[in-house]
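Look for chain A in each of the two complexes below; its partner is chain B in the first and chain C in the second.
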Partner chain A sequence: MKLYFKALGLHLKAELEYRMSFIFSFFSQVLVFFSYYFVILAMFTRFDNIKGFTMYEVLLCFSIIQFGFAFNEVFARGIDKFDDLIIQGNFDRLLLRPKNILLQVLCSNSDFIKVSRLIQALIVMIIALINLHIKITLIKFITLVLMLISSIAIFFSIFVLAASYCFITVQGLEVRNVFTDGGKQMAQYPIGVFNKGFLYFFTFIIPYGFVNYYPLLYFIGKKSNILYAFSPLIVLIYLIPCILIFNLGVKKYSSTGS
Partner chain B sequence: MSYIKVDQISKTFKVAKKKSGLKEAFKSFFKREYLYVEAIKDASFEINKGEIVAYIGPNGAGKSTTIKILSGILVPDSGKCKIAGMIPWEDRKKYVKKIGVVFGQRSQLWWDIPAEDTFDLLRDIYDIPNDKYQITKKNLIEKLNLKDIINIPVRQLSLGQRMRCEIAASLLHEPEILFLDEPTIGLDAISKQVVRDFIKKLNKEKNTTIILTSHDMSDVTTLAKRIILIGKGKVLYDGSLQKLKSNYIKEKTINIETNDKINTKKKGIKKVTKTKKGYELVINQDEITINQFINYITSKVTISNIDIEEDNIDNLIVKLYQDYNI
Partner chain C sequence: MRAYLSYFKLKFISGLQYRQAAYAGIATQFFFGFVYIMIYVAFYQTGGKNLPMELPQLITYVWLNQAFFALICQFYKDSELFTLIKTGNISYEFSRPKSIYFLWYFKILGQRLANVFLRFLPLFIVTILLPKPYNFGMPTSPLAFLIFLVSMIIGTLLITALTVFYPIITLVTLNEKGITNILIVIADLFSGIGIPLVFFPKLLLKVSSVLPFQYISDLPFRIYVGNIPVSACIKPMIIQFVWLILLVLIGQLLLRIIIKRVEVQGG
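This part shows the complex of A and B:
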């Protein structure tokens, strides 16, 4: 863990080497984020609600997903950019070091610019929470925290899964964007607003539903079953097979070398 | 018991066949044809502790594959390999603490930050105790003359400076074995010299076993007493450089400056050509030694200068490759 934070510090140092670039990118990120945000605002000036979800409910959902995604971009960029490691041959170097491979991959890259998104996501979340006028009980508070954690976990799992795909081939990596960026776009809205097919896909295949739909229903008082409140925990279980698949990929790599 | 024992390792790669042309590209999109490339085939050799071995061969001969197997990155399809009592690919974390690897064409230093920061990170990666780390680092800085360059972002360093930092980075954990994959590629003459001297010293002082690949034959001649020649995945020659030389360099060119006329039919002298100041002669050392030749020639003519051509190892290698048809 100490190693990870040290590497993180060095990435920050490296990024700050290019001061102007850092400042400009930081602010351009702010603009990009607000463009997403305004799409939602614009939509709700036309409609009161989407399938029974109000604007602030959607914004809450949106901010939680953005938070998880940005968190991974800052702290787990290496796994997102894993194909670079393979293509440039730097993955070999990791195999030559006496530390866990996944940890080293995490240490290999970081995108501090995205801290701006992280902050913005939190701001939007707070705005949404204030305007939702929900009485926050202890369980609801836990639910919210679990949603944030599971949002981080789900994107991490998908990144790890996509990285494992690099062990098979580095071609056709666009496929993974369907699950990461595509999934992110979908999951910004409560999955229930889409048709049943999507709901099932994003519940059972990639469990976005457990990040922002089922717990959200509990949080905003649409469901009172306590299982809904703790449903994000399922996402944490989802992490295990993803990491196992990655480790399998590492094993396979050493027998093919490609 | 030898320190490194490689026994009949083989490794075959499956590569997708690529043909030129759009039509072929479409075809291969639906039906892939694979080619099996034997990168290394039944290679065996043993290396003792403290040896410097040069591993040479043309591009694509299987050098990198072997280095990758020895360093535990790749697992061979068959064969055994035991290094320092361990099987490289089995207990990866424990094994890699004993080895250092320098890839001449790939950097392990962080591009945008000074090399010293990378060193500090490596200390944590290898769990080197701090006091020991400080001593090793100080030592390396001194010997590789890194004092002035260690605090500059790596991207601003010259290739030679960077390579010195690379080598230092690979030695911080004081490995018992050092793999050098083309350590002097692209370096200028002075940097090459620094790197070579350092490697020699390291081997002498710490008894580090060094396995080196290079296309630069002067690397090989100055560093290694023993060479392993590999071609088409097979070990073709394993032995001293000296022996290889005497086996292969039979003909020698000698330039003589003289005002007299040389007109000889002596056995062993293959070719006589007139030059500006004298003659150029080619002798076959199997039939006449240099000593015999000089005795003979001085008895015939008065010479003002004699120049015996250095053994050109590059030519030797070219000849070797041709002979083995690789």
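This part shows the complex of A and C:
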């Protein structure tokens, strides 16, 4: 773990070397993020609610999914850019070192500019929470924390799955973007507003629903069953087979040479 | 002119090679289209007040956005052009007896058209056949379709003229991110890619009316879906054309000023 933080520190230092560029990029990321929730705000000037969900409920949903994605881009960029490692043959170097492979992959890259999104996601979340006037009990607090953790976990598992796929094809899986960027786009809204087919796919195949829909229902008081509160745990279980598949890929890996 | 056209052809043909990327692009565009449409359908089912667009119009607008996405989005990935600038090899381009502005212009045009050429047909064919309310609608009249085509062509030339500004700025900043990224976000927002401009709050609509970005795709698309009647589209189309001329002139002027004081990086 110490190793990982050391690597993070190095990446941060490297990025700060180009100070102007860092500041501009940071500012542009603030704008990018703003344009995301601007769309939601604009729609809610014309509509009171979307299938019973108010603006602040949607914003809460939105902030949780954006938090998880931004977190991965800052702290797990290496796994996102895994195809570069494979294509350039740099992955072989990692195999030679006596440390955990996945940890080393995480050390290999980082995107600190996305910290701006992380901060903004938290700000939007706090604004939404204040305006929702929900009495936060202990269970609800745990639910919120679980939602944030599972949001990190779901993107991480998809990235790991896509990385495992690189072992077979030796190239990036572009369709992956459908499930990460597309999933992020979709899960900004409570998944219940979508069609049944969509809802089932993103509940049982890729469990976005357990990140910020089912627990959200409990959180905002639409459902009182305690199972809803702890449903994000399913996403954490989902992580296990993804990592197992990755490790299997490492075992079968044959180098591309360079 | 022939030199420029061959640049265009070169980029167009080599752009057509990237079919794998195009398939992934089509899948992404489909997915995003469905997500947007389902959200709009949910909103419209709930009901709202003084809506600026009917639902079928809005859905057709979304599919147009998705089908032409590679053409109309600001983001333009051509590492070749930016590498030229960063490595200093751009000096070879300076020594050519042709206008660099138009060399870049036609390169970008070729690349963008190739990208969209691979993507838009499958999207249209499938979305026309989709069941209601998800289907891609027909134009309101043959005349509207014709005007849409003209406006779309001007819009394509306009987005190209805007894209040339990114390498021009990079000549000064030597970094294709930073300022360029800020411009890209603003331009994307005001060109109606995230949400049609008619849904904007009043204040922002006023801001957008003095910017060129709504004339890239928002205008032609709204003509297609019938949100702007045929009788009312002469004036915005004249403005669209004026913006095109203006941006090309400003771009050339800016490039000329910058080239005079450019310092080539390394050699």
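Here, the second predicted complex is superposed on the first by the 250 of 258 C-alpha atoms of A that agree within 3 Å, B and C clash if a C-alpha of one lies under 4 Å from a C-alpha of the other, contacts with A are read in each partner's own complex, and residues count from 1 in each chain.
As a working rule, a contact is a pair of C-beta atoms (placed from the backbone, for glycine too) under 8 Å apart; a residue touches a chain by one contact, two chains touch by 3 or more.
The structure presented is a predicted model; accordingly, all values stated were derived computationally and were not measured.
In the superposition on chain A, A:194 makes contact with chain C only, while chain B stays out of contact range. By the touch criterion defined above, A:2 lies against chain B but remains apart from chain C after alignment on the C-alpha atoms of chain A. Once the two complexes are overlaid on the shared chain, A:252 sits clear of chain B and of chain C alike. In the superposition on chain A, A:13 makes contact with chain B only, not with chain C. Once the two structures are overlaid, the count of chain A residues touched is higher for C than for its counterpart among chain B and chain C. Residue contacts after overlaying the shared chain place A:96 against chain B, while chain C stays out of touching range. Contact with chain C, but none with chain B, is seen for A:47 once the two complexes are overlaid on the shared chain. The contact surfaces that chain B and chain C form on chain A in the two complexes overlap at residues 18. Here chain C touches chain A in the complex through residues 20-21, 24-25, 27-28, 31-32, 34-35, 38-39, 42-43, 45-52, 175, 177-179, 181-182, 184-186, 188-189, 194-195, 199-201, going by the rule given at the top. Of all the residues in chain B, the ones that touch chain A in their complex are 13-15, 65, 68, 71-75, 89, 92-94, 96-97, 99, 101, 103, 106, 108, 110-113, 117-118, 120-121, 124-127, 153.
Interface residues of chain A facing chain C in the complex, by the touch rule stated above, are 18, 20-21, 24-25, 27-28, 31-32, 35, 38-39, 42-43, 45-52, 174-175, 177-178, 181-182, 185-186, 189, 193-195, 198. Across the interface of their complex, chain B is touched by residues 2-3, 6-7, 10, 13-15, 17-18, 89-90, 92-93, 95-99, 104, 254-258 of chain A.
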